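In the two assemblies presented below, chain A is common to both, partnered first by chain B and then by chain C.
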Partner chain A sequence: MAASENTTPRRHAIGEVLFRHETILLLVLIAEWFYFNSVGRRFGTLDNTFEIMRHSAEIGLLALVMTPIILTGGIDLSVGSLLGLCAILFGKLWRDAGMALPLAAGCTLLIGALAGGLNAVLIARLRLPALIVTLGTYSLFRGLAEAITRGVDTFTNFPDSFLALGQQHFAGLPTQVWFFLVVTVVIWLLVHRTTFGRSLRAIGFSPEGARYAGLPVERRIAQAYILAGVVSALAAIIYTARLGQAKADAGTGYELFAITAVVLGGTSIFGGVGTVHGTLFGVAAIAVLDNGLVHARQPREMAGMLTGVLLLAALGAGALPKLLAKLRGPRHSSAPPS
Partner chain B sequence: MKRFLSLALCASLAILSACNKSPESSASNGSGGKKLTIALMPKSKGNAYFISCKAGADEAAKELNVDLLFDGPTDPDPAKQNEIIETWTTLGVDVIAAACENKEGISTALKKARSKGIKVVTYDSDANPDARDFFVNQATPEGIAETLMDEAARLTDSEGEFAIITASLTAANMNEWRKHIEARLAEKYPKMKLVDTKPCDDLKDKAQAEATNLMSAYPNLKLIMAICSPAVPGAAEAVKQAGKTGAVKVIGLGLPSENRKYVHEGVTQSVVLWKTKDLGYLTIHAAADLANGQLKPGAKEYNAGRLGNLKVEGDSIVLGKPFIFNKDNIDQFDF
Partner chain C sequence: MLRRFSRTGFQGGRAPPHSKTQAPNLLLRDFDLMQKYSREISVAIVLALLLLVMAIAAPAFYEPQPLLSRLAREAPTLIVACGVALVMVAREIDISIGSIFALCGVCAGLLAGSGWPLIAVCGVVVLIGAVLGAMNGALVAGLRLPSIVVTLATMVILREGLRWKQQGAFINLPDAWQWFGLSQRGGQWTLIACALILLAVLAWVSRNLAAGRFLYAVGSNAEAARLAGLRPRWITLAVFVFMGALAGLAALLNVVQSPQVDPKSGTGLELKAIAAAVVGGVAVSGGRGNLWGVFVGVLLLACINPALTYLHVEAYWEKAIQGAIILLAVIFDGLRNRRSTN
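This part shows the complex of A and B:
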C-alpha cells in the first residue's frame, strides 16, 4: 500500500514535492515559527533558537536512531530507559570507579552498544517481536538504574570542562548541537545514500522478500538496534552535561517523544517508508511548540494537546487522498485534490 | 491533504489565540516597563500542595499588581524544570520563584538566569545557595520540632511514653527534626519518655506495621508522633484497627487532606504543617520586593504585607511557626 506513493507517475513532479509529507510538515513548522514570533517578544532571537536546539538535542538523537528501526518495521521502547541507565553508569564510572571523564564516556558508549546488542539478539536472532522485547528492556534498564542508585543516589559536581558540553557554546553553536549535527549527517547518509539504508526499507516492506533477495536481514536489524544503543548512550552523556546531574529517572518518557517525532516526520510505523529529514522536522515541530508556548504565555499542557492534534492531523492527511479517491469513484485522474 | 493539514493547524492556532486574550499587551510590559513579571514554578503542576501555594501567590500578585506566570512539569522528567526556567530566562521575566525538585540540576539553570540579571527566589525546597538570592523557608527545623513536641505534651498532659515513626534513620532533614524534638523534650518535659524511633521507608503500610509493633511492645504507649507524611495516616490506621482510638493518640507532619478522615474519627488528634497559601503569598511578595529593591541582601527583617514582619535568617526568609490542623479547622484546607 505504502509503496504506491513512491510509484506515482513522474508528470506530477512538482505537485509531488509540494504534497510530500515532509514539505507540509516544514510549512507547519514555518507557520508555528511565525505565529510564536508574532506573539512572543523574544521567541525569534538567536538565544532562544539555541535554547530550542539545546533542549531538543537528546530527544532529537533518540528520534534519529529510531528512524532506521521503524523503517525496518521495528520499534525500540527502551531508548529512554537506556538513557537513564547510561547516565547513572557514566556517573558511577567517573565518581566511584575513578575513571577519567573521556574514558568513562567511552565505556558508557560501549555499555550502550551492549544494551542495544541485547535488544538486537532477542529481536534479530530469536525473532521475538520488537515491541515486546523492548517493552521488557524498557523496564529492565530503568529498573537497573533505580536498583544501582536505590533511587536516591545522584551524581553531581562534574567539572566545568565537562559541563561545557551541555551548557556552553562552541564555534557559535551550543556544544551538543555539533554532536547532533554529526549524528544527523551520518544517519542521513546511511539511510539515504547507502545499500544499508535501502536494505532497511526492503526489510520494512517485506522481511521475507528481503531474505529471498539475499539481504542479510538479521544483521541489518541487529545493526539498527546496536546503533540505537550507542546513540542513546551519547544522548545520556549530553543530558548529564546539560543538567549537571545524573539520576535514575533521566530521560523518562523520551522514547515516546522520539517515536512521535519519527511518525510525525512521515515515517510509516509499518516500516518501509520514511526519511531522516522528515524526522528532523518532526523533532523541530515538537520542540518549537514546547518552547513557543512558554513564550506565548500558555500553559504547558497545551504542548501535549497540540502535539497530539498535529500527529493526528498528519496521520489523517496521509489517509485523506485514499479516502477521497474512494469517494470520487473510479475516475481516471490521480491528481491530488487541491 | 495540504488543505486538511493547514485547516488543522489554523484550528489549533485559533484555539491558542482564543485562550490568549492579549499576548502583546502583557508581553510588552517586560523588564523595561512598570509592571513586573514573576514566574512561579511548582515541583509538579498537579500537586494539591502547590495548587494551594498558587492561590496565595495569585492573591499577592493581585495586591502588588504584578504579572504572574505559573508553570511547571506535568510529567516526571527531571529535565523539565530546567527547560522551563531556561525558556523563562530567554523570555526575560523579572523574577523566577522556584520549588526545586532536583537541587543540583536546577541550580545550573537558575545560575544562568541570574547571570542574565534575573532575580531568583526559591521556596519550599532550596537550590544551591549561589543559585538564588533568597530562600523562602516555610519552617525551620526548630519550629517544626518544637510545635510537634509541644503538641504531644499538650495531648498527654506532659507525661508518659511516646514513640516516633520517621522515614529513614538517615534522612538528613528528619534527623535534624528529631535532634530538636529530643532537645525540647529534655528541656521542658521531664515526665515524658521517648521509648522508640522506627523507620517506615516513607511507606504507609510499613508505618502501619511499625505502629502495630510499637503498641504491642509498649503497652503503656500514649502517643505516636509520625514525622514523615505517609506515616501519619499509616499510624492512624494501625491505632484504629487495634481499637485503641483515643487511648493511643496520633500526631504528625502531613497533609490535611490525607488525614482528614482520621482527624474526624478522633484517631488522629492534630496534623502539623505550614499554611501553603501563606507560603505562596510570601514567595511572590518577596519576589516583587526583591525586584523593586525593597528587599536587599543582608536584611534582618522583612515586611510581607498581610503576614506582617518576618524574620530573615541569613538569606532565608522564615514563614514562621507551623500551623496546627485539628478537628475544628481541618475542613477549611483543601490540600
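This part shows the complex of A and C:
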C-alpha cells in the first residue's frame, strides 16, 4: 500500500504469468458471453452490447486511470467521490454561474486536475501512505459535494445537445464510447509504449531503486494521480450526460468497482506488474456479468457476489502455483507476506 | 526499528518508584513519554478543545440522556476500531468488517427470533464473526494474497449475499432483547462499560503480553519476527480471526439498541473504523499504534456530527470535516516523520 513497502524482487517470469492470467480472463469473458447468449434471448443483440458499453464507460474510465496508480504501488479510493464532486460542480457552474456548457466542462476538468493534485502533493511530496490520503479525500470530496448541494439539490434540464453525449449514438457507437476509446488508447500508449509507463513499473517494483536509477519518482507518482483526477472529472461529465442529472451521491462505490476491475485484470496491488488491456478485460468481465445476469433472470445481487468470487479465484489462481511449488520443494528462506 | 523495539520494551517495564532524589530522571522520563505519545496527546488536546468549545457555546451538548445515547451508539464503533487498529499494527488491513458486522447482526436477529437463549446467541454470533474472519485470514496468510484485495472481495460477497437473502427486510427482535432485557439507561451503561472494559483489556494486552507484542513485531518487520522464532502467518491468521470475533461482538452491541435489525447496518463502518484508527495514530505501514489513541480518535470523529448540530451548522459538512481531520492527522504524521529522519 505504501509505495515504499515494495522492495522484494519478483522471482517469476512475469511475462509468462501475465500471459496466462489474461488468457484465462479472456476465456472467462468468452464463456460468460456464450452462456448468457444461450440463456437470455436479447443478450447477444447489438443494442444490448451498446447498452453494456454505455453503462460501463464511467467505471471503465476510472479503472483505466486506476491502473497506472496501482502500477506505482499506490491506490486511489477518492475517484468515486471526486466523480460526485465534479458532477455537481459542473452543474453548479452551468446553472448557477451561467457558464456555457463547453466552458463549464473545461472548468470541471481543471477542478478534477486540482483535486488529483491535492492527492498528488500529499502522496508524492509529503510521502504519506496513498491508502490513508485517499481515504481522507474520499470523505472530503463527498462531504464537499453534500455540503454544496446541502444533500438535496440536483441539477437537471440539461440541453439535448449535451445529453446526446450520454444517450445518443455517434458514428455507429454510443457517443461516450468514443471518449472511452480515446482515453484507452492514450493510457495504453502511456503505460506500454513510453518511458512514463516504464518508470511507473520501476517505481512499483522498488521506489528506492527507481530513485537511484535517476527517475523522477515524485513527479511520476504525482502525474498518475493528477491524470486520475482529470479522467474522473471526464467520467463525471459523461455520467451527468447519461443520467441527465447531477447529484451529490453520483459515483458512490465506483472506486471499489474500479479497483476490482484492475486487480481482476492481473495488476498486482503491490505495484510493478500489470497491463491496461488486462484492466479492459476486467471491466468487460464485470460489465457482462452484471448485464447478463439480468437477462438470465437471476437476482442482481448475484452479480456482486460472482464478481467477488471471480476476484478471489483470479488471485488464488495466481497464488496456487507458488503454493504448490512450495509444498513440493524443500522450504526456502522465502520472503513473508507483507 | 531497533529504536522502536527498545522504546516499546521500555514502555512495558514498571515505572521506577517515585522519589525526590529521582526528580531529574522523572522529568526526563516524562519528557520522553510526552515525546513518544505526542501524536496521541495532540489528538487528545484537539478533542479537549472541541469539548471546551461545546461547553461554552452549547452547554446543551452535555445533557446526560442524549449524551449517554450518543456514547452507547459509538460503543460498537469503538470495538471495531480497536480490532482494525490491531490488524493495522500487524500490517494488514480489513475492509470487510462492515459486511461481517451486518451479517452477524442479521444472524443474531434470526436466531433470537427463533427463540434461542441470549447467551447462546451471543456465543454463536461471535463464533460466526470469528469464522468469517478466519476465512479472510486463511486467504491472506495461507495463500499470501494482499489483505486489501481479499477483504474487498469478501466485503462485496458478504454484503451482496446478505442483500440477496434479506432483500433489505428488517428483522424484528423479541422484546426481551432490547438492551439485553435491562432498562434503557442500564442497557446503555452496560454497552459503554463493555466497550471500555474491552478497550482497557486490549490496550493492556497489546502492550504487556507476548501475544500483543507479536503483532507489533510482525507489523514492524515480518522477516525479522520470523528469524526471531515467531510464526508471522499464524499471527496474521489469528489477528483476522480476532477481528471477525470483535465485529460479531460489536454487531451484538448494535443490535440490542433498537427493536429491529437493519440488514444494511455497518455500511461504511470499515472506513469509519480505519479513519478513527488513523486519527488515533495507528500507522497503516504497521508496527505503530496505541489503542488509547484509537479511543481518542473514535471520540473525536463521533463528536463532529452532534457538535455541528448543537452549533447550528448544517450537518452536511460532517463528511468533509471528517475527511479534513484524517488528512490533517496524516499530514501531521508526515511532517513529524520527516523531521525525525532529517
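As a working rule, the second predicted complex is superposed on the first by the 310 of 338 C-alpha atoms of A that agree within 3 Å, B and C clash if a C-alpha of one lies under 4 Å from a C-alpha of the other, contacts with A are read in each partner's own complex, and residues count from 1 in each chain.
Everything below uses one rule, namely that a residue touches a chain if its C-beta (ideal position, glycine included) is under 8 Å from a C-beta of that chain, and two chains touch if they have at least 3 such contacts.
Predicted model, so just to flag it, every value in this text is computed and none were measured.
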Checklist entry - Is A:Asn48 touching the first partner chain B, the second partner chain C, both, or neither of them? => result first
Item to check | Partner chain(s) touched by A:Ile259 [first = chain B, second = chain C, both, neither] | outcome: second
Checklist entry - Between chain B (first) and chain C (second), which does A:Gly136 come into contact with in this model arrangement: first, second, both, or neither? => result second
Item to check | First (chain B), second (chain C), both or neither touched by A:Ala147 | outcome: second
Item to check | Touching partner for A:Phe270 - first (chain B), second (chain C), both, neither | outcome: second
Next on the checklist: Between chain B and chain C, whom does A:Leu128 touch in the aligned arrangement: first, second, both, or neither?
Outcome noted: second
Checklist entry - Looking at the overlay, what does A:Glu301 touch: chain B (first), chain C (second), both, or neither? => result both
Checklist entry - When the two structures are overlaid on chain A, which partner does A:Gly316 contact: first (chain B), second (chain C), both, or neither? => result both
Item to check | Common interface positions of chain A, toward chain B and toward chain C | outcome: 299, 301-302, 304, 309, 316, 320, 336-338
Checklist entry - Along chain A, where are the residues that touch chain B in the complex? => result 18-19, 24, 27-28, 31-32, 35, 39-42, 45, 47-48, 51, 54-55, 154, 156-157, 163, 167, 239, 242-245, 247, 249-254, 290-291, 294-302, 304, 306, 309-310, 313-314, 316-318, 320-321, 336-338
Checklist outcome for this item: Residue set of chain C touching chain A in the complex reads 91, 93, 139-146, 148-150, 152-157, 159-161, 163-164, 222-223, 226, 232-233, 236, 271, 274-275, 278, 283-285, 314, 316-324, 326-327, 330-331, 333-335, 338
Checklist outcome for this item: In the complex, chain A touches chain C at residues 1-2, 4-5, 75, 122, 126-129, 131-133, 135-144, 146-147, 149-151, 256, 259-260, 263, 269-270, 299, 301-305, 307-309, 311-312, 315-316, 319-320, 322-323, 335-338
Next on the checklist: Taking the touch rule as given, give the residues of chain B at its contact with chain A in the complex, in rising order.
Outcome noted: 1-6, 8-9, 11-13, 16, 19-20, 23-24, 26-28, 30, 45, 69, 71-79, 82-84, 86-88, 90-92, 102, 104-105, 107-108, 112
